[in-house]
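Please find the structures below.
Shared between the two complexes below is chain A, which pairs with chain B and chain C, respectively.
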Partner chain A sequence: MVQSLPKYFAKIFKIKLYSINRHPEHQRCEGSQYSSNILRFFHFASLSVRMTICIGILLFSFSSYLAAAVSDKYGGELILTTTSDPKSFNDIIAKETSTTEITEYIFEGLTTVDAFTLKVKPQLASAWEVSADGLTWTFYLRQGVVWNDGVPLTADDVVFTFNELIYNETIPSSSRDIFTIDGKSFKVEKVDDYTVRFILPVKFAPFLRGMAQAILPKHKLKKAVDSGNFNFTWGIDTDPKEIVGTGPFKLAQYKPGERLILERNPLYWKRSVDGDHLPYISKVIYVIVQSADVELLKFLEGTIDLYTIRGMDYALVKPLEQKKNFTVYDLGPAMGSNFITFNQNPDVNSKTGKPFIDPKKLSWFINPQFRQAVAHSIDRAKIIEIVNNGFGYPQHSSMGPAAGFFYNPNVIQYDYDLDKAKDILAQAGFVDRSGDGILDDPAGNTVEFSLYTNADSTERMDIAAIISHDLEKVGMKVNLKGIEFNTLVGKLTSNYEWDAIVLGLTGGVEPHFGKNVWTSDGQLHFWHPNQKEPATPWEKRIDEVFNQGVQELDEDKRKVLYDEFQLIASKELPVVYTTLNARLVAVRSKFGNLKPSNFGGVMHNLEEIYIKPEYR
Partner chain B sequence: MLKYIFKRVAIMIPMLLGIALLTFMLMRLSPGNYLDTIRLDPQISKETIAYYERLFQLDKPLIYQYVHWVLNLLRGEFGYSFYYNVPVVQIISWRLFNTFILAFASFLMTWLIAIPLGIWAAVNRNRKTDQAIQFFSYVFLSWPSFFVAMILLFWASQTGILPLGGMHSPNYENLNLWQQFVDLVKHLAIPTIALSIGSIAALQKIMRGNMLEALGQKYILTARAKGLPENKVIYRHALRNAINPLITLLGYEFSGLLSGAALIEIICSWPGLGSLMLTAVRSKDIYLVMASMMMGGILFIVGNLLADIFLAKADPRIRYDKR
Partner chain C sequence: MINDKDNSSIPINEFQIGLRNFKRNRLAVICVVILFVLYGIAVFADFLSPYSYRNENRNYSYSPPTAIHIAHDNKLSWPFIYGTQLTFNDFHKREYVVNKSQRYPIQLFIKGEEYKLLGIISCQYHLFGVQEPGRLYLLGADSRGRDLFSRILYGSRISLSIGLIGVFISFTIGLIVGGISGYYGGRIDDFLMRLCEMFMMVPGFYLLLAFRAAVPDNFNSVQIYFAIVIILSFLGWASLARIIRGMCLSLKEREYVLAAKTFGLLDIRIITTHVLPHTLSYSIAAIMLSIPGYILGESALSLIGLGIQDPYASWGNLLSDGMSIVRIYFAPWILWPAFFIFLTVICFNVIGDALRDCLDPLLKSEGKE
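So, the complex of A and B:
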């Protein structure tokens, strides 16, 4: 702005003249009068006179312009990238991130999660209340919300979304599992046009967070459900106009493999603090770029506005901040984890009659001291240096720091200490008796096992390599085996024949959604899945914590419970965590109202973000 | 000739069914299936996964699934993609044309440059120009195409002359026909060059070798002895004999037209079939893979047939029908 003042003003005027037509509701009268004066001057004044007068007027009325500029935030394009095509626009069926990162701007739920406090806040519902027994929830819908085709949103749409879509047995919806407790569904009923009642079979603490479930329009989809075609409705071959949501943007165009364009929904209900009709940005363009290297080139060239920096790019990207006009944000530790886990499954394969895992290895893995020694042997600083390229955080708790409220930092931390690891192993009877440099267990067996991970993930292969190297330093013989992802999943979920695995899981804010991993009957309770009765006292206690936690509606009391669970997990170490990536994002410096958050990223408040006039 | 063509087409049917069976077995007998990615999602229950298995008929015996697929095929249905929930024909058809354009452009570029270059090199054998051509051929042959693409993209990002990947500019719809064509050519340039540069080097070497062999024949000596102009000797006599093996090669190239070049497509963000198929194979989206394999199979057989017919036209010594 300072460098070329006249040019800046000229740009503003162009936009001012323009915006008269585009957003008449925001135009102040001073603004339009002023613009027409300028026009008249341009017509009649000679060049030199025109220049002087123009600048004079500009300087004279600069302050009055500022007053008029309040609502001049409209217009402009935001250009993002996505690595793969969306799989569907049907939010009930498709759940991959490639789909949801786009549909989250088209559809909305009754509630949403605040990107900073991580507390639930109103979205399509303006308020709600819960009965004393915690079973009946009444939601009051926001009045005046319309679908982007102009039809008003009513309680019928909410009831339809739950009763006819999510609970419909013929529709493969993964949301159904979230809204089903012990095989029982919620009762969803309409009270009046703007009131919906949910009756739960038991108390369910994650309920409010779950109400972020997107609501879909009955008037558009009812016919497809009745004719049994819903599963093939709103696929990627659908005319964009047919996709109707309440969100700030609507689908304008999709070209497979190339790009997807969202445009401003002029009927969006949300207003800014100043009363502006949101959103400000006219178009959001997603360019489909499969290669991250090309994405980086495009960002540096200036054709895209946002780039998620990989640790290895940092040294290249950071120095260019000024020159290429962007800002690098460090959003803190990412969600998701990488860990090593040992097979503790004592069961016998019913087909072959053999145990899933060699009994001698089982005796090592079920020994907590063995796992503690492993935890002390992992050099997390090295993993951060090599795998995260210096931008990472060591992880000790089973809820990551990104989970915010439910994260318990006060768990047992196992620092990298090889001597301590060797001491613990010696106490447990693991010493090198045969003198071959490899530990022997108390029964005289050499400590040798296989460590698997999926070979297509370089990150996990690197982590597994560092871990196996570290474990060799304390005297274990580790055979690292990179295998196909599908084979790895088969080992974990159907044939259970493995020794140790390096794996990762995506994380979330709600601890209960990790139930399948942590309760002893869960099928993702990797180290010993599908238990009929908890095998150990600590697994029994974790089961209790999860069962109480899901019924406890007081957030603070819930936190105490889940803190205990994280403490137990860190003590017993069924999984040993490694490191978390840092989330580094580079954003072109052309946006206003940008409020990056660890949970929501940079674009979580997209409807409020505007593009500075000189970049439109 | 017609009888021969008919016979070849008739053989296609069992061949295609064989290709389909082999693909199907490879896809299904290798560990895992499409549902493996959601198996590791903590929010999805066992019951839901079992439900998906029933829905996609992944719980049925293999032979049932195969027969079911063949029967549907006879009705002209290629099935639905698990991943996209859309008929596979639809998904393929969107990208078919894009893949074809890229393949055709690189095909044209390769042949139009490599053949004259090979002839020229052979005629100027062991001179400085020939040595230079052979040197650069070795260099380009040893460069992987994705590396060439990466370098070109880097160059483009530095100079801003060519767009960085993609197929159309965002404002493509608003351009006139000529501008649209220029836009397309600009986007085509990098992937085409990356795809062609290695093939030009290879094809040039084959052409040069063939040409040299033909030029060493006795009939060339005779032609020259008769006092024919050198032009005629080379283009009339040597070239016609040297080109025959390349016609067979042309048939193979035809099958490659639609198979796509996954790596280049990924790097250059070209919306083609190659990258789509790579994801489909890796995520075990079986019917999408089957459809594309069938397409590749048909093109391969037809390509070979066409090559054989061309060969008969070009070389009078070749006869397929017994007289």
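So, the complex of A and C:
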């Protein structure tokens, strides 16, 4: 007899686990997920952009701070969660944030970004100077920095990291692109044991931010590079002792799928204001869990110290603040954006000989009035209310407010006004001629297209559904389609067969790092990829802005340029932005020295953070 | 019993015996009634539901089920509802404040959105509803303020029909393949059975996902619906074909098949008129028992967002809203579709079991030993 019920119940059960596995993970890491697949280099833009971390504070008065002083701050554990296992501990080849989230505590760069001012500040380099022409940079390494196996850090390590790792063609380094300008690499040379000189082919404004690149130990890795095994070095099965960095913590133990433990690096170079050897915390434990829901439950039961709140969680988490002894912080707008974009690719698929997109649809999408009408049809207020429970920000500019200095708030803002959208469409010749309730273009074609988004994120599905519903009110027929994230990325980057997509991108402080999206020859210029020459005057202008911006060393002059870029983007709307999530974090109230910032989150100064004695 | 009086003297066929046995199974009869009601709801969904599946009001995000009052000023009154207004409390929790000054009586045969009854008759009347701007949510609202009750009714069209169509396709394939394979034997049999095994050896859900990935994603919703039906049918036919083939192997040795052969009947005729009908008692029970598989298969696909797409409703895609503990915590009513899936699946299984018992005397006697 066929007994299909039990069998299918078993399947349903499996499916459920599977989906729970996937869906919140994407939702939470939407930005980072994307960055790991596409915007590879963002992972190194700063110490903490991706940290799913937050804020906490201790209102110690200054006097009690002094009284508590020196030695009794040591000890205790910080327990965090991550939803995916690191794939390796090799920072150079890592493309996934699950790895870099861990390695950023183990390795350090020459510079780092201040979490409050967003300015570059010294890290392994104690000082630097630049020649008058802006091409020669000399870095003076901090004296007395040692790797956590006791070997001193010298200029050789820096030269090794650049010349033999990043510029090594056999190593798929994700940062090589950034340190290569017009196909030319930097010349990196040792001056003496503690001085390194970089000679740039042309002026490169984001250079200092780029120097946050992690430096790796020559004495540990030289052999692997010489024998050609570097790509397989420092995998997840490596003995933790072999993984040597200069950072505040070192790897102690890793059990795949279970937990990862970092322990205090007693040889760390940094001292506190009072002269204490940092860091204070003796262990950082990452518990590996399946989903954000599990994280939430673990946080509420008190087994983890920190939880990144999604808008919808707030009403559940916030009321328990007193009872469960934690504090919720609203860090302001997040970096990652959500937007809708239209395919403007006029090219023909060389394999099939057919255009990537139906020419009649292309004629709508390349019409700026069409895109403006769409921009007027996005109900940002309700998206924030429904999707984020009120914790979100409308976005109009291509750099988010979290980018700070380079954010231009004075761009064209499109308010939610369906009548205006209809008017704009009517002016452009889109009217319902056939009387079926759906607009027709001037040539008489019914305006119908597909809108894709990744099905595993209920957040995106909701945003896409709200947008498509409004577009239907304006008179378009929209077929909403949730597909797998990787299929979606494939559509954008390789097969180019799509009409419209709702997706997100990670953001950063440095506008130049958006080059791969915005310049006409960018790898991720998804609305019209593979351009030989800029297709439109405004794309040409954006190319110019980026080319000038990268060579302009005066920050204020750079800002003028990038402000213009944001204005052009808002006028031409290759992507129509929707909303930004708020960064909300709940932290158990057991930490001292927390200095939350919008940019860095909480743990950006992990080495200074200590755990109050009663919680050790 | 009454039946005895009616039928005792008249010779009756096995189906009538089966039917009589079936009627004795109270539970199965109840399940049949429930299914009839559910399918009736599916057919008249647009009339029975107060709103259409895509009627949204974003001011009523996750509105709880609307309380229906029958007393006003301590006096009995025609059922009515109060207007509600969304507010966020200090913890950003959605709270719907009742506004007692706004009363909306529930009206029968109320004029609302236009629809096509049975797909042909244009009609504007709904069985019940309230005047705008009142909103009636019998089972609560989803994230965008769409009525869950209405969407469940509309969703039943997809969820319930997918089982029937799917089972029809896969049993047609199963019977043909099984019949041919069992009747001819030899190489054809080998080939067809290895083919079946290929389908059966891949874990069902992954095969489902693989087939789904092969569906072009520029399909519109109707095409996706049929694609899903066909995908599910392709998953289901193999196991049936194998069993039918086994039955045919023994049936083809029967004397009447031999007789038919000697009369020179075409093979196809022998298979369709002499062999396959004898597998029917088994097939009918198997059909009933396999329908839930299709319903659950569609739900599973829609649950992970790869099936029926918003704004269209199916029970599976309605349920996908409930995949987060936070949503369930604040809006437990979003789990209602699960109840309907459960009810339908149970009904089909009870009926299938009952049919199997009463159509297969051999099995029944074995069971009684």
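We adopt the following convention: the second predicted complex is superposed on the first by the 544 of 616 C-alpha atoms of A that agree within 3 Å, B and C clash if a C-alpha of one lies under 4 Å from a C-alpha of the other, contacts with A are read in each partner's own complex, and residues count from 1 in each chain.
By our rule, a residue touches a chain if its C-beta (ideal position, glycine included) is under 8 Å from a C-beta of that chain, and two chains touch if they have at least 3 such contacts.
Worth saying up front: this structure is predicted, and the values here are computed from it rather than measured.
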Considering only the touch criterion stated at the top, classify A:Lys121 as touching first (chain B), second (chain C), both, or neither.
neither
A:Met461 in the overlay: touching chain B, chain C, both, or neither? Say first, second, both or neither.
second
After lining up the shared chain so the two structures overlap, which partner does A:Arg271 touch, if you call chain B first and chain C second: first, second, both or neither?
neither
Check the residue A:Asp293 against both partner chains and state whether it touches chain B (first), chain C (second), both, or neither.
both
Would you check which partner chain A:Gly514 touches, where first means chain B only, second means chain C only, and both and neither mean what they say?
first
Determine, under the contact definition given at the top, whether A:Lys241 touches first (chain B), second (chain C), both, or neither.
neither
By the touch definition at the top of the document, which applies to A:Lys354: first (chain B), second (chain C), both, or neither?
neither
Tell me the contact category for A:Glu258 with respect to chain B and chain C: first, second, both or neither.
first
Which residues would you name on chain A as touching chain B in one complex and chain C in the other?
293, 297, 456, 484, 487
Could you pull out which chain C residues touch chain A in their complex?
54, 56, 58, 61, 88-89, 91-94, 143-144, 204-205, 213, 217-218, 220-221, 239-240, 243, 285-286, 289-290, 292-293, 296-297, 299-300, 303-306, 309-311, 320-321, 323-327, 329-330, 345, 349, 356
Under the definition above, what is the set of chain A residues touching chain B in their complex?
84, 87-88, 90, 93-94, 172, 174, 176-178, 231-232, 235-237, 255-259, 285, 287-291, 293-294, 297-298, 300-301, 303, 456, 484-487, 489-490, 492-493, 505, 513-517, 522-524
Mind listing the chain B positions that touch chain A in their complex?
30-33, 36-46, 48, 51-52, 55, 80, 83-86, 90-91, 94-95, 98, 150, 153-154, 157, 160, 164-168, 170, 265-272, 275-276, 279, 282, 284
Provide the residue numbers of chain A that touch chain C in the complex, in ascending order.
1-5, 7-9, 11-12, 14-16, 18-20, 22-24, 293, 296-297, 310-316, 318-319, 379, 382, 385-387, 389-391, 450, 452, 455-456, 458, 461-462, 465-466, 468-469, 479-484, 487, 497
